[in-house]
């Protein structure tokens, strides 16, 4: 291993370690800030999906929050809220949903997705999510199957994914309540 | 994720073809598909790097990054492995077939940033495929890439004899052929909703 | 995860990967070392890089190696012309003298003056025509203007004019000679600028057959042979050939030729 | 390239060595992302930042980088910049990150950046590398916005930029333009126009 190769090793090692330290150092503050922001976002979306609720109590199993119970100002149970990951056509869709005690949907908000831009990505628009408030659990289906939700043209898979996500979350809450 | 190997194969080669549907790996695709010889050379290199990268990235992701909770390093560690593999391939090609090395030219280092390869490894991680699934996905995605590459090289060589207005000759011509190819592949996409 | 663990952990992981990469690449660079003589790299850098094969070798890299090993002449690259030869000469410490530049030249005067034999519809390629028939034109030796040479030229220097003849754009043409090789009838030939007198015909048919088909075809009447002071012209099989070394460009044959198939070309931009 | 001037290098990046048309690099993000002008601006902005960073560091260290481990070291530099911009934007400018989120990892596989690192920054001084980064970045920006505008206008019938509707034409939107086929065709047509212009100039010149 003559001198020249040692130099090569030193250089690549040095560069890798410097890159790693820079990224590691940057990771800590950004992660903390991200946590703060995400928590804000969650509270905000809970408010959106369940407008008449005042505050929310997380229902935990172990340290993982399953869903939130929504209480109004005078502290009686008004409904539930949840975050749910559902596989869409391109990747996972994270959606926030709110229902009242009779399992009628009070609101839906798409938190994150990687659907095809221009097609599946339209699930985040109010024209689609706006259809959900006030829809009872049984007619939470696509209009072509007799439900109350019209799918987005050219993005049936993504639309169905959102609906299945809501159903899955509702069943989970039913099992727990 | 319990994707069966068959569905991964269909996904990798046809439905989610990296080149024509996911737009990944175009730089080398357009640049090198002028003639079948260099196209074959390039796809062989891409296939090799894809398979090795799938293996290496799976090991790093599951045994290093996940347990240590450093998932923010995924992209950088994957891409270093790919770059290392490409440097290795560059040595091998330069040693054993200099003409191919000359004809690939700038596109050889570009395999590193070849979106298809990084695409495969990141998808492997995101869909948290098992080891066999990851490697299989690497192979099928590579085959999908090779198939389209050779198809394109053959078409472009044949289309040289056509009388094409001068402005369209060369790259625009290649792009129009790709348009038709990708429409065919995208229609596959609608037929088999995954 | 406390900060030290994160930074330490990532330094360890990325550092480790970097270390492995370094080790294996060093080993690979030794195992796959290619003993390239740096001079060859420099010579290849200077060559035009068109890989056209006009120098007779498989592309510039091959030519570069041969030049450095002394197997190929320093000015062996016609495409690069004099300036490349000079650069290569400097690299190898050999001086280079100015070489005469040569350009392709069409030895046929038929074109529109020549009758059509068949109405050809097919791939735009003279070779395809010759494969599928004995030639589109009355005279099967002539230029059909189907543009094989146009496509063969890597520098886009040739264009088919309205007279159905290829016109060579001299400042684009790198005299690589690919068009000469590719022409099925051998109508194209590399001609030195100083060679001005040419027989614009390739036909070996007898006089009667030539006249029936083409206005300017050479009928092999040997008048030019008698009148050439330098005996530079020989007629073989009813076709006159001019030996350019002997020819003094006097132009006697041009006046005497009844068919006007011998021509004194003035060396202007496009042949 | 002995007689390099600042302006010369900058405009070379836009016209002569335009990353997409002349060098045929960076096609993956160009086609994937240009479904709207907004995305195009976001993408080219992020790409410009990373290109600037990587060109500067690569050309600063060009004497140090051993040829044996050339590609991995370029990649480490580029990827560090991409991860930095990814983390910082995700935490401190969430709305912007929301819009550009999927483009950031795309940049690391953007062939332009390593293309320039390998072909240019590795061989020229820091000053010119920075100018080249600006030039290529501007070239990339121009092309991306052009394609984005065409595809968005034809694909959805209107161009919406940061919420405000710029132009809208009464056509039934051709979703074909949003699909991959449309992207290839648009870039094919634009490239043909550029070639036509070049040939016309060459004919006049020669």
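Order as written gives the chain letters A, B, C and D; numbering starts at 1 within each chain.
Rule of thumb we're sticking to: a contact is a pair of C-beta atoms (placed from the backbone, for glycine too) under 8 Å apart; a residue touches a chain by one contact, two chains touch by 3 or more.
It should be emphasised that the depicted structure is a prediction, and the values quoted were computed from it without experimental measurement.
Asks: Given the contact rule stated at the top, which pair of chains has the most C-beta pairs in contact?
Replies: B-D
Asks: Tell me which chain's centre, taken as the mean of its C-alpha atoms, is farthest from subunit D.
Replies: C
Asks: Provide the C-alpha centroid distance between subunit A and subunit D, rounded to the nearest whole angstrom.
Replies: One centre to the other, that is 31 Å.
Asks: Counting only Cα atoms for the centres, state how far subunit B is from subunit C in Å.
Replies: Taking the average C-alpha coordinate of subunit B and of subunit C, the gap between them is 38 Å.
Asks: Report the inter-chain centroid distance for subunit B and subunit D in whole angstrom, where each centroid is the mean of the CA atoms.
Replies: So the centre of subunit B lies 21 Å away from the centre of subunit D.
Asks: Suppose each chain is reduced to the average of its Cα coordinates; what separation in Å results between subunit A and subunit C?
Replies: About 66 Å, centre to centre.
Asks: Which residues does subunit D have that touch at least 2 chains other than itself?
Replies: 68-69, 72, 76, 79-80, 83, 87
Asks: Residue numbers in subunit A touching 2 or more other chains?
Replies: Touching at least two other chains: 8, 12, 15-16, 19-20, 23, 27, 31.
Asks: Indicate the residues of subunit C shared as contacts by at least two other chains.
Replies: 6, 9-10, 13-14, 17-18, 21-22, 25-26, 29
Asks: With chains as vertices joined when they touch, what's the shape: line, ring, star, complete or other?
Replies: Shape = complete; every chain linked to every other.
Asks: Give every residue of subunit D touching subunit A within the complex, in rising order.
Replies: Per the stated touch rule, the residues are 33, 35-36, 39, 64-66, 68-69, 72-73, 76-77, 79-80, 83-84, 87-88, 90-92, 94, 102, 155-156, 175, 178.
Asks: For subunit A, which residues count as touching subunit B in their complex?
Replies: For subunit A paired with subunit B, touching residues are 16, 19-20, 23, 27, 31, 89, 91, 156-157.
Asks: What does subunit B use to touch subunit A in their complex?
Replies: On the subunit B side, the touching residues are 72-73, 76, 80, 126, 193-194.
Asks: In their complex, what parts of subunit B are in touch with subunit D?
Replies: 20-31, 72-73, 75-76, 79-80, 82-84, 86-87, 90, 106, 109-110, 112-115, 118-119, 122, 166-176, 178-180, 182-183, 185-186
Asks: Sort out for me which residues of subunit A touch subunit C in the complex.
Replies: It is residues 1, 5, 8-9, 12-13, 15-17, 19-21, 23-25, 27-28 of subunit A that touch subunit C.
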